[in-house]
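For reference, the structures are reproduced in the following blocks.
Both of the next two complexes hold chain A, though its partner changes from chain B to chain C.
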Partner chain A sequence: MYDSTSTRVLRGTLIGLGLLLAALFFLFPIYWLVLASFKTKAEVISPTPLHLGMFTPHLDNFRDIFGLSSGQTEAGTPREYLGRLINSIIIAGGSTVAAVLLGTLTAWAMARFRIPGKSDIMFYILSTRMLPPVVIIIPVFLMYTRLGLTQSHFGLALLYTTINLPFVVWMMKGFFDEIPHEYEDAAMLDGYPRLQAFFKVTLPNAWPGIAATAVFCLIVAWNEYTFAFILNSDPVAQTVPSFIASKSQTSAGINWGVIAAMSTVFVLPVFIFTFLVRNHLLRGVTFGAVRR
Partner chain B sequence: MADLTHSQALAREVAAEERPAAVRTWNPSDGMLAFLFTLPTMALLIAIGVFPLIWSLYLSFTRYSVAKNVAPVWIGLQNYQRVLGNEDIWAVFVTTAKYVVMAVGAEFLLGFGVALLLNRAFPGRGLLTTLLLLPMMLSPVIAASFWKLMYEPEWGALNFYIKDLGFRPIEWLANQKISLISLAIVDAWQWTPFMLLISLAGLSAVPRYLYEAAEVDQASGWFKFRHITLPMVWPLLLIALIFRTMDAVRVFEYPRIMTADAEATQTIATRLYHYAFPEFNTGLSTAFAYIVLVMIIAMTNIYVRYLVRATSR
Partner chain C sequence: MANVTVEKMTKRFGDVVAVRDLDLRVEDHEFMVFLGPSGCGKTTTLRCISGLERPEQGTIRIGDVVVNRMSPAVRDIAMVFQFYALYPHKTAYENIAFPLQARRLPRDEIERRVTDVARVLHIEHLLQRRPRQLSGGEQQRVALGRAMVRRPKVFLMDEPLTNLDAKLRSEMRAELKRLQKDLNATTVYVTHDQVEAMSMGDRIAVMRQGQIEQIGTPDEVYNHPASLFVAGFVGSPAMNFLPAAYRDGASPTLTVADGAFTLPVEPEWAQRIRERATGSSFTFGIRSEDIALYTEPGADRIASEVYVMEPLGDVNLFDLRVGGHIIKAKTLPNFQLRIGDQVWMAPDHAKMHLFDAQTERAIF
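Right after this comes the complex of A and B.
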């Protein structure tokens, strides 16, 4: 308010510079990997970094990973990647539907009814989420081996459902708390039974919340590595993260162009979903605890 | 409704889920609904969250390996003694602690710093914020491969620009003295956005009039920051800090993928993984897991108590 013009200009410049540096740090790796997916093997390891416009982009890496090139390629057998992508879609999609369905019902019950020990139940639900994967992976692995649930879509999807359930319950309880219960009461005064009031009145109002919650579940299941790596190592139900990890761990002669293309295809839906839920991000990362 | 037996209710509920039309004829009491809607969630959390934990508690007192077809043999506290008496384990705790301090410290300073810069109106602010938040939405596996590409010692982009500026190239992942820092940088890259997001929320919640009042009193920028901004934002920052600490303690993907768990970057999680899987030392690994679990529970308790208080405001 009392600053002179020159201080204001200086401050503006410094702020701009700071933001530019931040953008460079956070976005350069993404830019660099996406760019690498359009390069040949030689272009990726060029001693001078090749930026946009310094090489001719080509789509061979993408053709290779989708098995559209003829014969054996450096991306492995044709459709190897495509199979993992389908596994990821089935497992992430299936677990999201299950978690959102079960969790939304629980959340509604928690938001609307008097339940003895409700805060203890909510606490318990949340605490299961806080367990580090490496601690529960050993017993889960033993149990899954006995039940024959390793190397299967169902087994991993069941696990992801369990992982996402606490999140759905907490998020959706937050959303249901925001929908006035008077709407439901009014519908019940009109003669609707409770359950119908829920389906006819509350649920339609909760759709934006459900959609945002589902997107977060989808991203968590889509990105998960530890359980997928230990439980589903066989091609039959392997997901993309553990596939890419195994590809990028081979020490000699990694074809980075191919790995970059696989990663780019894999993160594209995440980018799109992030933009779709950008206004709910804060809520999503804090289990609905912090609302704007 | 009261004379409806449990199994009847369950059968009806199954029918209701299969045919939505059946909902119209089925009018359960509120108590029944609450019970039925909570049951599947609780059952799943107990079956996959709690039951395996109880089983592994038993195994932690036995000599047992999944790889061998021999029944567990009760050996009392021996596994716990072996874990706590093993110097390697303490080294792993120290490595993890160093990693957490470096990574979370950097995330806190960077995240809050960038949030202070972003906390003003300018064109393109929304888009820039969303772009800066992208890294935290990606799989840690992808983050690890981004950075492995950047860190490549011979032809990596990072070393090229370092040489360009006249410095000596760095063996980011191969040098034992540097590799842990390199991993902490990746952690900071991926999770600073989390701190940024929460800091922004905190900053936008500070009432304008506090600053206006301070300006009337001709308070300095530092005074406003120290006595208005920081106290108002601190509770939220604390949530974020605890959240990040708990996540960083369990880091697994970065060392696994980027350094193949080399000694200098061996964390609690990767050590645990090695006991449990390649070495199939199931009894010992479950004991180790329980020690870690107790530590995590202590930390979680502090955190959840805080979170519950924040939500019930």
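Right after this comes the complex of A and C.
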């Protein structure tokens, strides 16, 4: 193709414009959410939409949810929200670590060893994702009740690990397939046992894939609502999504400002984590697009 | 250093037999080349010696030790891979130091040995770079350094020059051979390139379909190929093959190329044909450089016509039409002919080959 400079500039501008529109479209809900968290109860439900600059932002909603205001507020007792946030971090973080750890080792074995019936095993692992998790909610609830796993950090983290594991195995197998096995061969001939060869040579080259996979796992576990609502309704191990939902069922009407503040804080950790690994993430999701 | 012995080794991948009943001995200090087309089992044999693959049957010895059940890590062998397999996250220095760290050598000893090896390979100035920042030839040297630094019992090399450009390849060929002699290192070298095999090997094992067709010095393999396959695989251009029929009697003759020409057969060669032939059909073989060309007819000269001429600079290569067959002949560059010209050829009787058409084994 021999495009003239002006055609190229025009095309670049059009693509840029299109991307900008898409970004605006997808970011608008976030913008509105963050805005609402700085509004008073009246401002949130104002009939005319109040954009940035059309009201005076205030931090009362944030003070409320972290229990910094005096006495009982509509956001609940002091530190109620903070406790749920810590629960979410423990459960989502723990399940992500567990799923990535177990899934990565499984994927490595699947990628490197001659295993009888390997493709069947891989298909079986995938098949566990073929029906929506909600479908199995009743059997899971009954099992968890019998085993005493409801209302616990461990129970929910275990469940999220199970849900994420197939995804990790498939993603990471793809990454390991792309990393030449010769690196490991060379390390073994250099005098390292198999597992050390994996940790010293293959794993350092798999970090982009691990980062991308971990982000997706974290998002799934962090946002999950249905199981969290059914299994962990007690404050001891309740996660933020079901806590926020319970706040929209008050008799005094819904305080959208408080809910928006909780949601804004809730979005932040995943946002920061994704931001930190963004370079890996880009390499991770485009990995394998180019043959070596 | 040590010798390597392989006895009755068979390796399967599922239903595919990659190596069948292989016997082989690589002597101490020897440069042994496995030569063959892709899929002939040469790399599999190498990987079995390295321990990266386990054969189903047979014995592998390094020195006097049976290593079948030993992991690659403890066999004390080094390998250079086709794609070098330099660790991308480590610098050249760290790559070369890596096998020494596995042996938990003290830091200053590691530094001394890495520096020594880097000096021999002329890569001192590259040690702080990562593989990505090195050219193919430089990566190759680092990979060699990583293999040399621990002074292993045996060096294994899997097509190490394939990914270099032609000029660098011929430079590295000479350098590798020199290095091997300087280190006095037992080396097994896998290649599909017969030039590499001829120029570097003390001995060549020509492989085909998981078995060794012939094992011998470059001279033996080139001048006395044991089979049609070896004769066709070694040498460039490939040996000319023509169908031939043998007629016994007081003055035995070979009728070649469906009657295009007839050659007398010496009595001792006739004797060999009688002893070794399994049938009456044969394949006659002659290399392009063993055919003399003349612009005049004469006794024992065969008339032919120039089909194509390829001037290669140092030699001219002619495709000559004889009967319905094409024969390649090499001449000096000053011998010039045009397409369609008549030319007379005389094969060197001492350099002729004859193969049994059924068994494909050499008769002489």
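As a convention for this text, the second predicted complex is superposed on the first by the 242 of 292 C-alpha atoms of A that agree within 3 Å, B and C clash if a C-alpha of one lies under 4 Å from a C-alpha of the other, contacts with A are read in each partner's own complex, and residues count from 1 in each chain.
Assume a residue touches a chain if its C-beta (ideal position, glycine included) is under 8 Å from a C-beta of that chain, and two chains touch if they have at least 3 such contacts.
Computed from a prediction, not measured in an experiment: that's the story for all the values here.
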Which superposed partner A:Phe167 touches (first chain B, second chain C, both, neither): neither
Dominant toucher of chain A (residue count), chain B or chain C: B
First, second, both or neither for A:Asn205, with chain B first and chain C second: second
Which superposed partner A:Leu281 touches (first chain B, second chain C, both, neither): first
Contacts of A:Glu182 with chain B and chain C, given as first, second, both or neither: second
Touched partner set for A:Ser46, first chain B, second chain C, both or neither: first
Which superposed partner A:Tyr81 touches (first chain B, second chain C, both, neither): neither
Which of chain B and chain C A:Pro193 touches, first, second, both or neither: both
Interface residues of chain A shared between complexes with chain B and chain C: 193-194
Contacting residues of chain A [partner chain B, same complex]: 1-2, 15, 18-19, 22-23, 25-30, 32-33, 36, 44-49, 102-103, 105-106, 108-110, 112-113, 115, 119, 121, 123-128, 130-143, 145, 158-159, 161-162, 165-166, 169, 174, 193-196, 199, 219, 222-226, 229-230, 241-242, 244-245, 248-249, 256, 259-260, 263, 266-267, 270-271, 273-275, 278, 281-282, 285-290, 292
Chain B residues within the chain A interface of the complex: 23-24, 26-28, 30-31, 33-34, 37-38, 40-42, 44-45, 48-53, 55-56, 59, 66, 110, 113-114, 117-118, 120, 126, 128, 130-150, 152, 154-155, 157, 160-161, 189, 192-194, 197-198, 201, 204, 215, 218, 236, 239, 243, 246, 249-250, 252-253, 256-257, 260, 268-269, 272-273, 276-277, 282, 285-286, 289-290, 292-293, 296, 300, 303-304, 307-308, 310-311
Sites on chain A touched by chain C in the complex: 180, 182-183, 185-194, 201, 204-205
In the complex with chain A, residue positions of chain C that touch it: 50-52, 71-75, 77-79, 81, 83, 85, 87-89, 98-99, 102-103, 146, 150
